[in-house]
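Letters A, B, C, D and E mark the chains in the order given here, with residues in each chain numbered from 1 onward.
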Amino acid sequence: MTQQHDEGTVERHLGRAIAVHDVTHEYISDAGPVVALEGINVEIPGGEFTVLLGPSGCGKSTLLELIAGLRIPTSGILTIGDARIVGPSRHRGLVFQQSSSLLPWLSVEDNVALGLRINGMPKDERKKRIAEELERVHLSDFAQHRVTELSGGMQQRCQIARALAVDPEVLLLDEPFGALDALTRESLQAEIRRIWQETGRTFVFVTHSVEEAVLLGSRVLVMSPRPGRVIHDQELPFAHAREPITEVRADPTFVNQCHELRAMIGAH
Amino acid sequence: CGSNDDSSNAGESTGLPEKIVIGYQNIPNGDLVVKHDGLLEEAFGDAVSVEWKLFDSGGSVNEAILAGAIDIGLVGSSPASRGISSGIEYQIPWIFDVIGKAEALAAKSGINSIADLKGKTVATPFASTSHYSLLAALEDAGLSESDVKVIDSEPDAILAAWQQGDIDAAYVWNPVLAKLTADGGKVLISSEDLSKKGKTTYDLAVVTTSFATKYPAALQTWLNQQNAAVTKIREDVDGAAASIAAELNIPAADAKKQLSELIFLNASEQAGAEYLGGGLARNLFAAAEFNLKLGKIESVKEEAAYNAAILTTYASAAK
Amino acid sequence: MTPPLQTTQATDGRAPSWVSARQRGQEAPKGSIPSWFYPVAATGTVVGLWWALTAVGIWSELILPSPSQVWHAFVQSVTEHDGRPGLSGYYLWEHLWASLWRIVRGVAWALVVGAPLGLALGLWRPFERFAGPIVSFLRSLPPLGYFSLLIIWFGIDDTSKVWLLFLAAFAPISLSVAAGVASTRIERINASLVLGANNAQVVRYVVLPSVVPDLITGLRVAVGFAWTTIVAAETSNGIPGIGGLAWATKKELRSDVAILCVIVIGITAVLLDYGIRQFEKKYAGWYGRW
Amino acid sequence: MTPPLQTTQATDGRAPSWVSARQRGQEAPKGSIPSWFYPVAATGTVVGLWWALTAVGIWSELILPSPSQVWHAFVQSVTEHDGRPGLSGYYLWEHLWASLWRIVRGVAWALVVGAPLGLALGLWRPFERFAGPIVSFLRSLPPLGYFSLLIIWFGIDDTSKVWLLFLAAFAPISLSVAAGVASTRIERINASLVLGANNAQVVRYVVLPSVVPDLITGLRVAVGFAWTTIVAAETSNGIPGIGGLAWATKKELRSDVAILCVIVIGITAVLLDYGIRQFEKKYAGWYGRW
Amino acid sequence: MTQQHDEGTVERHLGRAIAVHDVTHEYISDAGPVVALEGINVEIPGGEFTVLLGPSGCGKSTLLELIAGLRIPTSGILTIGDARIVGPSRHRGLVFQQSSSLLPWLSVEDNVALGLRINGMPKDERKKRIAEELERVHLSDFAQHRVTELSGGMQQRCQIARALAVDPEVLLLDEPFGALDALTRESLQAEIRRIWQETGRTFVFVTHSVEEAVLLGSRVLVMSPRPGRVIHDQELPFAHAREPITEVRADPTFVNQCHELRAMIGAH
């Protein structure tokens, strides 16, 4: 097993585009093979906030894991900029759908510190950074707690803080706000939007909420049921808005847009 | 590791090693008296340090000698014969004891002669002097190995199996032997009886050839102490028994009884033709041939090899 | 869309980590070393080392016999010579079978007793407090120190040997099972409870399946222990028996035979272990995936 | 709202399941049996059984001595008598300490070698294929069969004994660690990979902590196993040493002393095990909660 | 540890009310105690569809686990009908927030069968029942798969099928539709509503979606942030509606109701 690094090309290239070329992914299981994705071709422009919408089991998580480099496609190629994705990298962060990816033997704080340690951030700087991130996800009170002592939504927030802490070039989020109540969700939506607007990172965001998609996305991709294919691709206007989220929500064009998209999905 | 490893050093000029490593066993003879009374340490003073290492059988002593871990050791005549036959480079300067009534064949009541053992189960620790004696006794009574079920067993397991009723007889040594007879066991034949038929067994001292050649003076000193211990056993048996009892963690009376069942020879007796002077070599050679016949060993050396393995000069020179 | 890429292109990220490849159950890339290579290489390495050790000749062949001497002993052990079969009156396979049969019985009892004991220790705290120390006590007793007690209780024949092997084997099984019980995940137990499971059903449907991988690890350790104990078990009346043969021949300075026995024991144990692992792959494949 | 309820009321559902109570780490209800009760009861049971076995008197006291005989031997072993200290020239604690020190060294080496070996076996498939059979081979060899080889290589003093104990102890540790690595959850490994961890960092931050509980189980098995091997290790030149004392006195039919040694070994092992479990509670408390 | 059963009282009493009297629940952890619920008093009428709304970490899951009998309150009493809740029972089913409660060594089918086996349903009947339940959650194609081979949303559906299969008197659902896309969600919402309307079982449903709460609930309880207290309790009109869900959604009073409730929550 060779370990090809090519860290040279992984320097900061803000806004490198991600391209998925003819990717098919098949899972092998005792009950027969499952084709999760078939012949997918997608271009995810650098610096955009792309939202993935699609029915349960259509392959959204699979696609994120492929982009993260955690899976190798059965056929096809994924690239970022002009480099081929051959494995995971700290420049492509992932917030997992299941929060069991947190490390139960560590405190909330130490879980958030994980990526910073791995990347060798000095202790002082790390402390400051962790405090910031915990503040952002409203978990400061629980810094010393074990992650097993958190509620479902708190675990999800802890995961988000962990991914944000290393400030990756590309951030892949798999239903990050799934277990959050309306208020917490709104506050985190605002945070995410602010981060995106300020840093120009590339975001790929899976959600089931059409409203959330329209609110946050600069672009939405709609996928078909298994085997997943991209069946709709559309730009969205509100991602760049500077108004508070509550105002956007009240905007009649926003309500309209949600309606249209929902209708579009229902039609397929 | 033995002093024969650390070859050329200051010790050689004085003819004394820096240390002597002795492999002893818990057998009630002069060796334990020497150890307990500190005779060697006294004789050598500060010049030579003495290390005593406890072994559980002649087989382990043979291995330790092969490994170069000890200089002088105690083995039964069976392991000694086997060792010489296999080419272990050691020699015999001293007989600790001649096994008399201390090893014997004890049988359950109802078995009155060796011939009655046909079809019965007899236990003995394999590769020991008792094993040899048992096979000799069976052959003498006209029984072959297939007539009797001979099983290998450690002495304490022999006692357990005896009490369980799993075995009909056992050829074994003290203290187990004493317990078997106390429990109704009948002695069919003892090593003393076999000795009369030419199948004597001994507890022998072995010294590595290299040590014997390098440090004759040290060996002589060692042997003198053994001789003194034999004298003590003969003249002050209670004192000797006390020393042995302390070493074995047993009551002095038991030690005294056990001493009485071994035969001790002083240096001048040993030097005679019956023992180191020729008899012992013949005995070891005969034992090897006997074992070869029974398939217990692979090969036997020339008789000369057994002669060469006996050192008589030290016993002769003993004070 | 950008055109399909050449193989000489730049890459991003680290190539598949072997740590995670292992976890996903992925094999090495195709076209690599064939699977028979590894056992052959392992055997070759061991025999080579042994041969080298004897060839340099600093140790007496009486203690470390050369491969050829041991081969000679092997030939003796499977043929009739001087009118006697094999060694000590039995062929090698008879010795091996006698020991194997003792081990199978000892380990079978260890499973029958040790697995429920481990379950009870893991499930029931007062029992663990009471019996835990007794189990740690029993499992650390040296067989050579108490074997004569077994003989007086169970005789000098197979029963006492099987007991000894049982005593060696039950502890790793109990301990592994108890550890497995302790690590059964609470949300799975809760799931069965709200479906109406009583204690017995929680154990049957959740705890037992969770514990399978630990049981197998314990079993592997136990079988290994049983083998290491076989010589101690066969010091008394151990012929036929591969350990008894090793013990008797060692005392007789036939170390070629003793080493032969040790090697046969080792190889048999490797094969048994391989069998258990195949079983594990089949029945505990889910382990670590979730 | 309905009024607060009387204690005589009807109930719904089963009262707290002991299976899940155990899992939640809950203790027995307050006011129940005090914690010192259990070890005392355990000791009482064992001594009572032993006393009963000797009192019925069907077995000779030569082989199963009574508690009072063993007590007498104990007194001998800690006092000076006939001008000599203890037994075989050393006090009981000197014997015990000599053995304990050998075990500590043997097990320490087993940890140092066995844990990384287990990691390598668990992480790296080609290595497992190659070294796995060698490890199963080594771990099943009977010490009594190869101890003489250790003596020629490492001498008759402590080194060879520590080696023997090491060989006994390393296998359970490696096997447990390897099993633990295999059960490290893939999503945790993935989490570290996307944060940029290289193989070494995955091992350090995810695999190693995951493996702690398994390591401890392995260690517990290993320490127990080392104790069972102490007599075999001390058959030659084993004084001072609690195993050597047992072996030597057993041959002299001082089975009171032999049993004393066996009991001392057992008790020491129980205490060691208790210590390891306290350590486990402290450092692997998360186990099974998630 | 005594095992008090009193199965006599656990017979089918459709619509027994659940009452929570002065319940406080405190978690002990190394980082200090956490008061999850404080002095809660709630009456959950039998046969109602009660929805719980509240911020992340306010103690909703804790409350459901208390009702399920999986936790014993630090102080206070829970009752169902006139019986005190002393432990879990098959009559109070729970769909967990995290799908790791599925058994990874079993297939989807066998996971759903778990409760039926436990309750001794004969094999033939069981088979039919499992097929029905899998059909209901759209997992028939995956009956033979391991649950580890399902996507996040599919796992959640499998859990729902498992809980529904034993047909409990009370069904406690902890964000059951959290990981589901809009379409699948709508279809399952319709199913749940139908089951409730047809069987008259008692439902307690945790959700973060105000819309979902208004759509499904016959009553909503709003909880305050940690330590959790019930701060609002209101009847809702749409649970009994017979029209398809899409029509309810389009209803202006529905939109209004959602708006009001959201405003109410925001105000606290």
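In this text, a residue touches a chain if its C-beta (ideal position, glycine included) is under 8 Å from a C-beta of that chain, and two chains touch if they have at least 3 such contacts.
It should be emphasised that the depicted structure is a prediction, and the values quoted were computed from it without experimental measurement.
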Topological distance between subunit B and subunit D, in contact steps: 1
Touch-network distance, subunit A to subunit B, counted in steps: 2
Most heavily contacting chain pair (counted by C-beta pairs in contact): C-D
Candidate from D-E, A-C or A-D with the same interface as C-E, over half of contact pairs in common: A-D
Mean-CA-position distance for subunit D and subunit A (Å): 47
Centroid distance [mean C-alpha coordinates] between subunit E and subunit A, Å: 29
Separation of subunit C from subunit D, taking each centre as the mean of its C-alpha atoms, in whole Å: 18
Two or more partner chains touched - positions in subunit C: 14, 17-18, 20, 28, 60, 63, 148-149, 152, 185, 190, 193, 199, 235, 247, 250, 289-290
Subunit A residues counted as touching two or more neighbouring chains: 3, 69-70, 87-89, 91-92, 98, 100, 146
Contacts with two or more other chains, residues of subunit B listed in rising order: 63, 66-67, 154, 156, 159-160, 163
Touch relationships between chains, expressed as pairs: A-C, A-D, A-E, B-C, B-D, C-D, C-E, D-E
Subunit D - residues contacting subunit E, complex: 1-2, 4-5, 9-18, 20-21, 28-29
Subunit C partner contacts - residues on subunit D that touch it in the complex: 14, 17-20, 22-24, 27-28, 33, 35, 38-39, 41-43, 45-46, 59-60, 63-64, 122-126, 129-131, 133-134, 136-146, 148-149, 152-153, 168, 171-172, 175-176, 179, 181-186, 189-190, 193, 198-199, 202-203, 207, 213-214, 217, 220-221, 223-225, 227-232, 235, 243, 246-247, 250, 255, 258-259, 261-262, 265-267, 269-270, 273-274, 287-290
Residue ranges of subunit C in contact with subunit B within the complex: 60, 62-63, 82, 84, 147-149, 151-152, 155-157, 235-239, 244, 247-248, 250-254
Subunit B residues within the subunit C interface of the complex: 57, 59, 62-63, 66-67, 79, 82-83, 86-88, 123, 126-128, 151-154, 156-161, 163-164, 166-167, 295-298
Residues of subunit E that touch subunit D when the two form their complex: 1-6, 8-10, 19, 21, 41, 43, 69-70, 72, 77, 79-89, 91-92
